[in-house]
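Heads up: the structure comes next, in C-alpha cells.
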Amino acid sequence: MIKRSQVIEKEEVVIRFSGDSGDGMQLTGTLFSDTAALFGNDLSTFPDYPAEIRAPQGTVGGVSGFQVHLGHSEINTPGDFSDVLVAMNPAAIKANIKWVKDGGTIIFDKDNFTEKNIEKAGYEKDPIAEEKLDGYNIIDAPISSMVKEALKDFGLDPKSALRTKNMFALGMVYWLFDRKLDYTEKYFEKKFHNKPGIAEANKVALRAGYYYGETIEALRPVYKILPAPIAKGTYRNIAGNSAAAWGFMAAAEKANLQIFIGSYPITPATGILEELAAHKDLGVISVQAEDEIAGICTALGASFAGKLAITTTSGPGLALKSEAIGLAVMTELPIVIVDVQRGGPSTGLPTKTEQADLFQALFGRNGECPVVVIAASTPSDCFKFAYEAAKIAVEHMTPVILLSDSYLANGTEPWRIPEMKDLPAINPPIAESGSVPFHPYKRDCEKLSRYWAIPGTKGLEHRIGGLEKTTKGTVSYVPENHEHMVNIRDEKVKRVANFIPDIDVYGKQEGDLLVVGWGGSYGYLITAVRELQAEGRSVSLVNFNYINPLPRNVKDVFSRFKNILVCELNLGQFAGYLRMEHQEFAYEQLNKVQGLPFTIRDIKEKCIKILEDK
Amino acid sequence: MIKRSQVIEKEEVVIRFSGDSGDGMQLTGTLFSDTAALFGNDLSTFPDYPAEIRAPQGTVGGVSGFQVHLGHSEINTPGDFSDVLVAMNPAAIKANIKWVKDGGTIIFDKDNFTEKNIEKAGYEKDPIAEEKLDGYNIIDAPISSMVKEALKDFGLDPKSALRTKNMFALGMVYWLFDRKLDYTEKYFEKKFHNKPGIAEANKVALRAGYYYGETIEALRPVYKILPAPIAKGTYRNIAGNSAAAWGFMAAAEKANLQIFIGSYPITPATGILEELAAHKDLGVISVQAEDEIAGICTALGASFAGKLAITTTSGPGLALKSEAIGLAVMTELPIVIVDVQRGGPSTGLPTKTEQADLFQALFGRNGECPVVVIAASTPSDCFKFAYEAAKIAVEHMTPVILLSDSYLANGTEPWRIPEMKDLPAINPPIAESGSVPFHPYKRDCEKLSRYWAIPGTKGLEHRIGGLEKTTKGTVSYVPENHEHMVNIRDEKVKRVANFIPDIDVYGKQEGDLLVVGWGGSYGYLITAVRELQAEGRSVSLVNFNYINPLPRNVKDVFSRFKNILVCELNLGQFAGYLRMEHQEFAYEQLNKVQGLPFTIRDIKEKCIKILEDK
Amino acid sequence: MAEILVNKLTPKDFKSDQEIRWCPGCGDHAVLNAVQRAVAELGIPKEKFAFISGIGCSSRFPYYMDTYGFHSIHGRASAIATGVKTANPDLSVWQITGDGDALAIGGNHFIHAVRRNIDINILLFNNEIYGLTKGQYSPTSSKGLVTKTSPFGTVEEPFSVGDLVIGARGKFFARTVDANLALSTQVYIEAAKHKGTSVVEVLQNCVIFNDAIHDVVVGKEVRDDRTIILKHGQPMIFGKNNDKGLVLDGLKLKVIKIGENGVTEKDLLVHDAVEANPGIHYMLANMDYPEYPVALGVIRSVPGITYDAAVHEQIESVKSQSKIKCMDDLLMSGSTWVVE
Amino acid sequence: MAEILVNKLTPKDFKSDQEIRWCPGCGDHAVLNAVQRAVAELGIPKEKFAFISGIGCSSRFPYYMDTYGFHSIHGRASAIATGVKTANPDLSVWQITGDGDALAIGGNHFIHAVRRNIDINILLFNNEIYGLTKGQYSPTSSKGLVTKTSPFGTVEEPFSVGDLVIGARGKFFARTVDANLALSTQVYIEAAKHKGTSVVEVLQNCVIFNDAIHDVVVGKEVRDDRTIILKHGQPMIFGKNNDKGLVLDGLKLKVIKIGENGVTEKDLLVHDAVEANPGIHYMLANMDYPEYPVALGVIRSVPGITYDAAVHEQIESVKSQSKIKCMDDLLMSGSTWVVE
C-alpha cells in the first residue's frame, strides 16, 4: 500500500454516507461494510431512507443515508454520532450535521453545491458557513467533475458517468481508512458481468477517488482500525429480516416440516417474505395473500395441514390479524406471527423504528387469549429467535408472536454462521395413526400441548374450531368446561417458562442500578452500560427476549439491585407489564418515541442521574 | 280478586321460566316482568337461550330460560337461585334444578313427561325421583291436556292450541303471585289485533291456568311481594342494548348532530344496530356494512363528514376494528365503538357473558394508541354511558370504547325515564368558517381536543390521515414532532379525567375490605356487599365505569381500606391494569370465566375469607 | 389427486358422532345428505378430505362430517381452505359457507380464491339471510326485504353469486337446490372432479327467518317451468312438458315454445360448459324468473391450471435447478469470510 | 348535488400547498393534472369536494388537492367514502386508490361499494404493482411477472378490473391512460356526472418498479391501432387511419377492416353505454391486445338509484309518517308506568 503521512489507530469509528435517494448511498454503505467485515472489524450498520420511493431531489426529505460503525472491539450499535460524514449534496449536510461529532470529517461534492441545491436544502448561500463548521475537517472535493474527467474516454453519457460519483466518494473513504479495493472491484465484475464497460467505469471512479485521497493534503490523518478479536468461525453480514427468514428455514429443516409463509407486504416486514419467496429451492411455500387476514388464515390452514406456518407483518397488519390469532389460540395450532415494529399509531411513520406494539402483542385479542411473545435483540439474533419461535410454536402447539423492529430488520452485523447439526432439536408432537379415536384436546402432561393430527393420516379424522370445546372436541357451553379450558390454555403458555433459559445479567449480579430493556434496544443499552461500567459505576443490564412468559429468575435477579430502570422506545409498555407481573419492584423509566433508536448519551445521562440522585 | 287460603309476604322472589326453545319462554318471562313492573316491584331479568336457533327439541342443549327477580326492595341482579321453576319439559328440570332453592316450587307439565322426553333429557324414568326432589313443592299440572280441553271449541289445530301452553303456565304463576291478568290480556289484543281468535285463545289459556291455580290445593301458599319504594317518575322496562341505542339518540339530539351507525351484525351486539335501524323517524342513518372493518370505516367517514358516529360489535369484531381505531386516534375523529362482550377467546361462547375484552379495549392497537374506555353497569345505565361516551367522543375529539356485555345487553330492569331537558349539554368543537387557514391539529388548550371542520364548510378545506402530521396537517417524519404528537394524544385522553365524576364508595368510606368491580358485575357485587354490610361486616364497594382514564380520586379511596378485592369475569385484567396504574396497592382477586355472571354466594364467601384470614 | 380406494365407502361412513343442531326443516339437512352421498362416490379415502367453514348456521357443517374439519372464523374459510390446499394438494378440500360468510365479511377471500383458481370446492348456502345471528339481511337479500336490520325494507342491490364468480374470472359455477338430492349429488360430484375453484350456489331454505324465499322458483308446483337444468352437450330445454327452450336473440337469450312459430328442438342452444369465453355463461347464470327460467346444474366448467399445482411445480422446478439443497448450503452461500 | 358556482374555478384553485412527492416521471402526476382540470369544470365549490384514499403511492393524492381530504388506511377507502357520502350526499366524493389498495386488501369494500351503487367516483390507478412497498406483484399483475415476491414469476391469474366491476353489478366503468390528459379529463367529468358508483381504471405507469408495462398497448407508436376510444352513440371505429372497427360475430366481438370484404362503417357496432344488460359491456371491457384493441373511454354508464339517495329517501318517508318526532316522544312511547 501507499505510504501514508500519518496514521491514527482508533478503537472504533462511525461513518455516514449520505446523499439524494438516487445517489446510491445504500450500495456505497454496503460495499464499505462488507470490506470492513472481510478485514475483520466488528461492525453494525443502519440504513435510513425516506418513506417516499423517490422523494423530491435535493431536499432534506429526499436524503438517504447509510451509517456504518466499525471497530477493533465489540460493536453493538450503528453509533450515535459519526466521525466521518460523506455528503453528496447540501441537503445531506442539513439532514445530518447534528449527528456529526464535533470536529469530525465532512467530505462533500463541491460541484453539487450549486445555488439551486443550496436553496433547496434550506440554506441561504454557504452551508459550511451557515452551520459554523470551522472546527471541522472539511474536504470539499470536486467529485462530479473529477468523475466526468476520469471517465471521459468511456463514451458514457454524462448521466451515466455521474452515476459513479458514489464510487469516487467510496474510494476516498477507503483511502481514509486504509482499506483494499479488491472486494469492491470483484463486486463490479460480478454485478456487471454483462456490461464490462460499466464495471470498468466504476472501478476507475473508485480508484480515482482513492488516488485523490492520496493526493490532497486535506485527507490526513488516516485512520486505522485493527481487526476485532472475534471468535473463530465463518462469518457473513446479515440483516435482521434475512436472518429471520433463515431462522425459519433452519427450524423447518430441523423439525422436518415444510415451511409455509402466508403474508401481505408491509414495510418494514416485507423483506422476510421476499427472502422466503426466493427460497423455493429449500421447498418454501410462499403465498402472497390478498391482505393480512388472508396471510394469517392461509398460514393457519397450512398449520392445520401440517406445515411450519409463518406470517409476517408490521403493526397495522398485526392489528388486522388479531381475530385470527384468537382462532389459533383456540384451535391450538402452531404458528409464528412476526411483527416488525415501526412508528405508530395507525400508519404512523412507516419507515422508522419503535417498540410500541408490545401491548398489542400481549393483549390485543378478545377474551382470555394468551400467546407466547418473544423479541429479537440484534440483526443476527433474528435468526436465533425465529428458530426459537418456530421451535416453541410446534413443540408447545401455540401461536408465538416474534417482535422485531425496523432498526433490526434493515440493520446488519457480522454473524458467525452456525452449523445445522449444532442447533437444538425440534420435536413436533405429531399424532400417529392408531385405533383409538383421536381426541383433539388431549394433552401432553408436561407441556399441556395437544397433539397435531395431520389431515391425510388415517384414523385421526377430527374437527376443530373457534367455539369452546371439550377434550374430545365436542362443542360445549358447559360453564365448568369453559373455565377449565381457559385455565389450561393459560397454563400451557405459562409452562413455556420451564423450557426457556433464565435471564442473563450483563455485568455484576447485584448493584445499584439494573438497566432493563427488551428486544432491539439491546445494542444501545449494552454499549451505554459497558461505558458506565468502565467508568466504575455499579450498573448492570438485563435485556429480555422472552416476554411472555417471563423467565423464571426475574424476581431473583431484580431483587438484587437497588434501582431498576426500564428503557424502551414507547411510553412505557414493558414497564407497565412488569408492574403487572412483578408488582413488588419499583421501576424507573426511560422512554423515547421519535422513530429513532436511543442514543448512548441519553441512556448514560439517565443512569447517572438515578445513581447520583439516590 | 279471589279469596286466598294463605298469603305469604316476601321481600323478593326469583322465578325461572324454562322450556324448549319453541315453547315461548322469553315471551312468558317478559309478560310476567312487565306485569310485575306495572305493579310497582323493582326487578331484574335475564334471558338465557342456546346458541342454536332451534337446538334439538327436548334436549338439555335446547332449553331456553328466562329468569325474573322481583322485590319489594331494590333489586340488582336476576338472582342466583330461584324460588319457583316453571319447567315445560324434563330437559328444563335437568338444566335448571341446581339453580332452584332447596324446597322451592317446581311447576311442570306432566303431559310432557313422556318416555321419549324423559330419555332425551338424560333421565331414566322419573326425573322427580332421580333428582330426589321430595323436599320440594312439586306441582305436576297436566298443562297440555288442559289447554287442549280449554280450547276445544276454538277450532284450532292441535299444534296451534298447544302453542298457548306457556300462557296456561303463566296464568298459574300469576295466581301464585296474586297478579292481575289485564296487562297480559291487553298485550294479546294488540299483538293479535288481526287475529281475534288467537287473541281470545291465549286469554282463555291464561285464565284457565289462573283458575287451575285457584282450584288445586297444591298451589298454596300464595306469595305477595309488595311494590318497591321506588323514586317517583315514569318508568319503563329496558334492556341494555335498547338503552344504549336510546342513549346515542339522546346524545345526538342534544349535540344537534345526526346519528350514523355503521355496523355488522354479531351476537350479542346486534340489538343496538337493530334498535337504531328502527329509528329512522329520528333521522338515524344506519349502514349494515359488509364486515366490521367497513362498519367502523363507514362510521369514521361519517364522523369526518360531521355525524355522531357509532359502531357496535362484540369481541371478535373489536379485534377486526383495531386498525381503524388506530386511524381514529391519529385523525382525532370522534367515534363511539361499543363492544358487547361475550365469552371468548375466538368465537368462544357467543351467547354467554364475560368481561374479558378489557385488555383488548385498552391495549389492542399498534403504536401508542390511547382511547377512552368506559363501561356500563346495568341494563338501564347503558343509556347513561352511551350518552356519556358520545359526549366525551365529540367534546374531546377522541374515539371512545364503551364496554357492555351479554348479560347487560339482554337483561332488563325498570328504568325511570329521564327528560331530555335534564340531560347535560353536549358541545362539539365545530370549527367555523373563517379567513385564516385551518390547521387541523390546532387544539383547545383545556381539553387538548382539535377542532372539527366539517366538509362543506367554506374555507376549512384540509387533509387528515394516518401518517404522523404537524399541527398544520403536513406529513412529518421529524422525530421531535412525532414525540410531541404521541405525548399530546396521550395527554388529551388523560385530561378526560378532569371532566368525569369521582368514583363513589357504596358503604363506609373506609374499612377492612373494599370490593372493586367494573361494568356489568355491579348488580351482583352491590347485592353481596349490602348483604355483608347487613351482617355487620366492614365491606364497601366501588364499581368502575370510567376505566381509561381512571377517576382522579382512586388513590385516595383505595388508601382508606385495609384490603382490596378486585372481582371480574376474566382472569384478572382489571386487577392487572390497576397494578399498572396504581402499583402502590395490593390487590386480591376473584375471577370467574364460565360464561356466567357471579353468584352472590361466591362473592360473599371470598369476602368473608379475606376478612377472617386477616 | 389422492389414491383410489378399493373398498367403496358409503354415505354413512361420513356421518360423524355429533348431534345435528340445525332447525328441523332447515335446508342444510338435505345438503348434508347430498354431500355425504357425493363424497362416497369419489373413491377418495375419508382421511383425505378436509371440510373448512366459516361461521353461520351452514358453517356448522364440518362437525357432521367424519373427515378432517375446521370450523373457523366468520368469512375466512376461503383463505384457510387456500392454505390447506396449497399446503397439501393431495387433500380433497371443501369450503362450506353461507351468503353472509362468503359474500359479506368473506367477500375478498372468496373472489381471490376464485381468481387464483385454487382447487377447492366451495358450497355456498344461499338462504339470502343471516341465519345464525337471527335474521338480518345479507348481500344476496332481494331489495326491499324486511328484516331485523331493515325494518323498512333493504335499499341495497344484491349480489348475484354467478356474476361475481365470473367477474372474478371463475372457471366453475353451478347452481342447485337444497332439497333436490339427485341433482345436488350430481353437481357436488362434478364440482369435486373439476380441477380449480368450483363454486356451487345452493338455493337453501331457512325455515325460520326467510322461509320459502326460493319457492317462487323452485316450489314443487312451479319448478319445472321456472328452472332449467343445464347439461353439457345437451339442448337447453325445460318445462313440465319439456316443451320450452332457450335460443339466442341478438345479444340476449330468449325463451321459446317448441312447436310455436315453427321452432323445433334443433333450434335450441346447446349447452357448452367448457367454453372459456364467459359471455354465454354470464347470461345463463344471470337468468331470473319471471323473464327466464333459473339455470340449475353446471353452468360453467372450464379447465385451467390450478394455483396449488402451479405453486408446487414452481418449487420443484426451482429445486431441481438450484445448487442449494439444504440449510448448510444456504448458510455458506454468497459472501462469507473466515476468522481464524 | 351541490349548489352551482357563479365564479368558475380553475385547476390552480385545486392545487394544495403540499410538496408533491411522487417519483419524477410517475404517471400519478398526470392524473393529478387531469383531475384538477376535471373538477374545475364541474361548477361545484371547492368545499363540497372530499377526496378519500387508502395507502399506496397513488393514495397520497388527497394531500395535493385543496379540498377536504382523508388519507386513510390501506384498503378501506371505499368504506370510508361510503360513510362520507351516505352521511352527506351533498358532497362530491372521490376515492383515489391503487390496484393493491382497491383489489388486494380493499377488494371487499370495493365490490360492496359497487354493488350498493353509492354515488362516489373511484379512480383506480392500475400500475399492476405495489409501488409504495417497493415492487411486489399485485392482483392485476400479469401471470409470470417477476417481482420481489415472485422471483420466479407469479403463478396467479390477474383480476380484470372491468370484469370485477360488472360482476359486482357495476353500473359505470371507464378506462383511461394516465398521460392522455384530454381523454382522462373527459372521462373524469363523465364519472363525476354519473349518479352511482363510477369506477375509472387508469392505466398508470410506475417508472420505478413496473416501467412501461402498458406501453405494448398505449405506447405512442402503437396506441392508435391497439386501443379504441368508445363514445356513446358512435360506431366502434379505431386505427391510425380510422379504418378498423368492431362487429358482432355470433356471441363474440370481431375486429374488421373497413373496406375489406365489403364492410362499411355502417356495419360497425354502435356503442350503447346505457344498456342495462351488461353482456356487451362485459365483452368490451374484456378486450385485450393482441386479439382486440383495448377499450378506453366510458364503457358502461347505466342510470340507477343510488344507495345514498335511497337511504335518505327512506329516512324522510319514515320521518313523515311517524308520530315520534323527538327523543322525549320516544322515551314516553310504548309500555310505561308511573310511580307516585
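Order of writing sets the chain letters: A, B, C and D. Residues in each chain are counted from 1.
Here is the rule we go by: contacts are C-beta pairs under 8 Å (C-beta built on N, C-alpha and C of every residue); 3 or more make two chains touch, one makes a residue touch a chain.
Bear in mind the structure is a predicted one, so any value in this text is a computation, not a measurement.
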Which of B-D and A-D has more C-beta contact pairs:
B-D
So which chain is the furthest away from chain D, centre to centre on CA atoms?
B
Quick one: report the Å distance separating chain B from chain C, using the average Cα coordinate of each chain.
40
When the C-alpha atoms of chain A and chain C are each averaged to a single point, how far apart are the two points in Å?
45
By residue number and range, which residues of chain C touch two or more other chains?
55, 73, 105, 107-108, 112, 139, 152, 311, 314, 318
Set of chain B residues in contact with two or more other chains
61, 280, 290-291, 316, 323, 326-327, 331, 346-347, 465-467
Listed in rising order, chain D residues that touch chain A in their complex are 19-24, 55, 57, 73-75, 104-105, 107, 130-134, 136-137, 139, 148-152, 208-209
Show which residues of chain B lie in contact with chain D when the two form their complex.
34, 37-38, 40, 230-237, 246, 249-250, 253, 258, 260, 262, 279-285, 287, 289-291, 293-294, 297-307, 309, 323-324, 326-327, 331, 416-420, 455-467, 474-475
Chain B partner, complex, touching residues on chain A are 50-51, 61, 314-316, 318-320, 322-323, 326-327, 329-331, 341, 343-352, 354, 356-357, 359-360, 362-369, 465-468, 477, 479-480, 482-483, 486-487, 489-490, 570-571, 576-577, 579-580, 583, 586, 592-596
Which part of chain C faces chain A closely enough to touch in the complex?
16, 18, 45-48, 50, 52, 55, 62-63, 65-73, 76, 79-88, 90-91, 108-109, 112, 311-312, 314-315, 318-319, 321-322, 324-328, 330-332, 334-340
Can you list the chain B residues touching chain C in their complex?
52-57, 59, 61, 264-267, 270, 273-274, 277-278, 280, 286, 288, 290-292, 316, 346-347
